[in-house]
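By written order: A, B and C. Residues from 1 in each chain.
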Amino acid sequence: MKPKETAAHYILSSSPHTHSNSSVSRIMLDVILALLPTTAVGIWFFGMAAVWTIAVCVSTCIVTEALCRLAMKRENTIGDLSAVVTGLLLALNLPAGIPLWMAVVGSVFAIGVAKQVFGGIGMNPFNPALAARAFMLISFTGPMTTWLKPICHCKCSAEAGVVDALTTATPLAAMKGMFTAEATASATPHAHKAIEQIPSLWNMLIGNMPGCIGEVSALALALGAAYLIWRKVITWHIPAAFIVTVFVYSLIAGGAPAYAQVLTGGVMIGACFMATDYVTSPITAKGKLIFGFGCGLLCMLIRQFGSYPEGCSFAILIMNAVCPLINRWTQPKPFGAK
Amino acid sequence: MKTVKSPFKFSGGVHPDYNKELAREQPIERMPLPAELVISMSQHLGAPAKCLVKAGDFVKRGQVVGEKNGFISVCVRASASGKVKAVEKRLGPAGGKADAIILDTAAKPEGEQEPENGPILQPLDWKTASREDLLKRIEEAGICGMGGAGFPTSVKLNPPPGKRCEYLVLNGAECEPYLTADYRVMLEKAPRIRLGVEIMRKILGGPAVRIAIEANKPEAIKAMEAAFADIDGNVEIVVLPVLYPQGSEKHQIYATVGRIVPEPPALPIDVGCVVENVGTVAAIADAVELGEPLLERVTTVSGDAVATPKNILAPCGTKYSDLVAFCGGEKTPPAKVISGGTMMGFAVSTLEISTTKTTSGLLLLSPKRVTQYVSQACINCGRCVRACPMCLNAAEIAKAVESDDIKAAEDAHVMSCIECGACSFSCPAYRPITQFCRRAKNSIRARMAAEKAKAAAAAKK
Amino acid sequence: MTIAIICIASVGLVAAVVLAIADKYLSVKEDPRIGMVTAALPGANCGGCGFPGCDGYARALVAGTAPNGACAAGGEACAAAIAKILGVEATATEKRVALVKCCGTRSEAIRVGDYNGICDCNVAAATAGGDKGCTYGCLGYGACANVCPKGAISISDGLAKVDKRLCIGCGKCVTVCPKKLIELVPASATIHVLCNNPDKGPTVRKVCGVGCMGCHLCEKNSGGKEAGHFTFDGFLAKVNYANPPTDAQIVAKCPAKCMSEDPHFESGH
C-alpha cells in the first residue's frame, strides 16, 4: 500500500531558479518586426505580386514544418515562429513576379530539406532561406532573374500606375560590366550607358529600383537592423564587417561607385538579416568579424569574376560551411587560462 | 581610507531581478529559541566533524559537540543548551545526508540551575595576542566562510609558506537576488566588521584592505565609511557596478585589485589575495573580543509566498519550518523552496531541513515566480557565451554533455565553471546549461577520484 | 593497340614487384593468435572486461596481461575457446546478469517533489538528493537504460527493469547507478530481494509500500540463520548468492512483497 504523500510538493531543480524571460519566439518576433519596413516597401513598389509571394512562402513554410515534425514523430515547433521568419526571408529574397508554384517548391525545400532533415532548429548547417534561394536559382534560372519594375506611384510620368512591367536588367548587371577598365576609364558612350542604369542614391535608399522584394530599400533594411541591434537580437559585428569589406573592396577594385555596391543587390539584406542567422554563424565576436569579412570578400569576388552578377547568397552559403571551422579557431579564452 | 569606484569590470554577467526591496528594510531580528534544533556535523566545506555526544547527553550552549576531523574541517558547537534526543543522519540543503544532533532545547539537567552568562571562550586583546593565538581562537570558535561555501577560516587565514597575502578583500557584494543578510550586517554591525578587519590584518601580516560593496547598497557604503573613517593603513571601499556574479571570489578580486586567479587548482592566495565574507569578519571579531564562538547567523527569509519577509538572527540548526513560522507563515503555498538565493541556491523538498553556518537565505516562491527549464535545441545565439563570467563556451559544453561527450566538455574548460547560473539564465531555449556543466564536473571529479584511488592502490603494491 | 597492352602489363608488373617487396620488408608483424582470439570473442565491444573493445582484450590476453574469464558476455564457451587457442587452463566463469534491487514504482513509493531538469539519474540524485522519498531507491530516469549496450533495461512507472534474456553482464549499469542498487547476480539464481533500503521498518514504510522491513521472515522460512541463505545489512535482507535459497514459497510469504522469483522478464513481480 503506497504511503500517504506529503501535502507540500515543491519543484526540485538545479540552480538557477530564475530566468531572463527571453525566448526563441520573442527573438523571432523581433526579427519579423524588423523586417516589416522592408516588407512594406516591397509591397508598395511591387504590388499584389509581392503580397502573394510573401503569403505563399510564409504559409508553405509553416505547413511544411508542421508536417515534417509529424512525420519525424517529434514535437511541433511552429510555435517558435522560426518557420515564419524563414518564409518571410525567402519571400523577400525572391523577385516579386515569381510564379507561385516555384515559391511553394522553394519553401518546401527551405524547411523540408535545408532545416528539418538535419533535425530542425539549431541543427541546420546552411541558412534555409538562402539554401532555397540557391536551389531555386539553379532550378528556375529564368524566373529567378526576371524582376518587376517598381510601380511608379507619382502621377507625372507615362508609366504611372503600370504594374507588372517585366525587366531583366538590374543595377547589378550594369555594375558588373563596369568592372572592366574601358567602361570606367573614360567617359565613353558605353560608360555613360552603364552609369545611367545605376539608380540615384535616393532611389537606392528608398527602394525605387528593380530587384527582389526585400532587398531594394536600403533605408528600410537599415532601420530594421538598427531595431535588432537595439533589442540585442543581433550584434553589430557581422553587418559591419560585411558592409565595410564590400565598400573597401569596391573602392580598391574600381568599377561602380562603392556606395552603389553596398546599397544595391543583396548586400544590405544579406549582411543584416541573412548572415546574422544564429545557427549558421559563429558564436564569438571575433568569429563573427571573420565571418562578415569572408562573406563580403566572397560576394565581391563573385560579383567581379563570377558568372552571376549577384554573389551574396553564395558567399554566405560558403561561409556557413566554413562556420564550424571559424568556431573552432575562435574559442573564447577562459578567465584565468594561460 | 577612501571610497573609490571599481577600476576593473569583468566580461560577462547578467542582471537578474533582485527583489531585495522585500527584506532590505527589515532590521536584524533575533528569533525566540526554537524547541528543537538539528545541528549538522557537516556545516562547512571539507570533512564532517566527528560527533562527540550521544543520545541522552546534556550539552551546554557553546560546548564542542563535533570535533574537527582533518585539516580541511571545522568543529561544531552546540547552538543552545539542551538534551540530545538522538544522533542520526539528516538531509542537508544540498541533498546529502550527514550526522546531526537532534537537540531538545527545553530540557534541563536535574539539579542545580547553572547560570548561563559569561563568555564561552576567554576574551582576547587582539593587540597583544599573538598571531598563533588569534588563529587558534578562530579555529576553536568553529568559524567557516559564511558567504555560502563554508571554507574553514583558520585555514584560509594561514597561507602556506611561500605565499603572502597582499590584499584582504571583504566581500560585501551580496549579488544574489532576494538576499539582504550581508547588507543588514554591514548597516548594523559595521564597527564589528572594522574590529574583524584589524584582527585579520594582524594575522595576515598587514595586507592592504579592499572592502567591496555593490552600488545598489548606498546606505551600507555610508555605514562602512563611517566605521572605517579613521582606520590607518591602505584601506579602501571599492564600489562595484551592480552585476551578477559580482560576489564571486575570482571576479571580486579582479574588480577590486585587477588580478586574475589562474584556472583550478589555483586559489586566490596564489595571486596574493584572501577574500572573506563580511559576516565571517564580524564573527571573527565576536570570537576574539567577546569569546563568542560561531553559534548563530543572520538568514534572510524572503519570497512572495512568505507573509512577512525578515532578516532573522537564528541559532545554527534552526529548522526552516521554525523560520517560516517566525515570519508569519506562508502567504500562499509555495511552488519552490530555495536554500540560498535564486541563482545558486538549492531547491529543497521539505521545510524540515535546518540552517547551517552558511545558510544566507531561505526563499519561498509562488508558482508565478518559478521558471521551468526544458532542454530544447540550442539555436547558437551566443547569449550564454556572452553571459559567462568565466569566458567559457557554455553552448559547446552543453551540447557536448547532452551527447555524453564529457571529454569534449573537459577540453572546453568546464572545470573552471563556477556554476553561477548566468548561462541558463540567459538562454532563450530554456536549456539547463548549468545542470549540464554540473553533470560534466561531477563525472570528471568521479573519474579523477577513481584514477587517484587506482594510482594509490598501484603505488601501495 | 599493342603498345597499350605492353604499357598496362608493365605497370601491373611494376606494381606487383613493389607490393611484393613491401609485403616482405614493410609488413607489420602481428601475432596470428590475436586475430584468432578476437574471432572467438563475441564482438560486442561492450568494454565489460575492462579493455578497449574485443580487440583490446585479445591483445592483452595474448600478451598475458589479462585474466582468461574477464569476458562476461562470452561466458564459459568463450573462455574455453580462448584457453584452447592460447594453450592454457580455462578459468570457469558463470554467466552473470544485472539485477535492479528496487521494486518501488511510482505507484508504490512516494515522491517528495516534482523534479524539473535533465532526465538523468546522476543529475537528479544531485538535486536535493533526488525526488524519491526513499533515498536508496531507483529514481527511474534511465541512466542505466541509456548506458546498456544491448538495450536490456527498460523503465516503466518510474522503475528500471533488466531483461535477463538480453543482458550480457558487462556491468556498465552497475557503475552508472548513483544509488548503487544494481548488482551482477548469477544468471541461475531465481530468488531475489528487490530492495536497497537498510533503514528500520517504520522508517521504510513512511516512504515505500513495498520496501524491506528487516523482519527476518525470509531467513526463518529458508532454514534460519544456520542455513546461511540470507545476510542482513542493517534492516535490509540480502540473498547470499554463493548459497542461494531454492524454496519459492518464501517469496509469497514475504510480508513486504519485496521479493521476487526471477523478475527479469517483463511479466515478473
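Here is the rule we go by: contacts are C-beta pairs under 8 Å (C-beta built on N, C-alpha and C of every residue); 3 or more make two chains touch, one makes a residue touch a chain.
These figures come from a predicted structure and were not determined experimentally.
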Out of every possible chain pairing, which has the most C-beta contacts? A-B
Min distance from chain CA centroid to global CA centroid: chain B
Per the C-alpha centroid definition, the whole-Å distance linking chain A and chain C comes out as 53
Centroid from C-alpha atoms only, then distance chain B to chain C, rounded to Å. What do you get? 42
Could you state the distance in Å from the CA-based centre of chain A to that of chain B? 50
If you look at chain A, which of its residues touch at least two other chains? 6, 10-14
Residues of chain C touching 2+ other chains? 112-113, 116-117, 123, 126-128, 131
Where does chain B touch two or more other chains at once, residue-wise? 346-350, 372-373, 432, 435, 438
Of all residues in chain C, which touch chain A in the complex? 107-117, 123, 126-128, 131, 133, 205-209
Going by the contact rule set out above, which residues of chain C touch chain B in the complex? 112-113, 116-118, 120, 122-123, 125-131, 135, 146
Please output the residues of chain A touching chain C within their complex, sorted ascending. 1-6, 9-14
So in the complex, which bits of chain B are touching chain A? 10-11, 14, 16-17, 177, 250, 254, 260-263, 266, 333-338, 340, 342-351, 365, 369-373, 376-383, 385, 388-393, 395-396, 412-413, 416, 419, 421-422, 424-430, 432, 434-435, 438
For chain B, which residues count as touching chain C in their complex? 91, 94-97, 346-350, 372-373, 375, 404, 432, 435-436, 438-439, 442-443
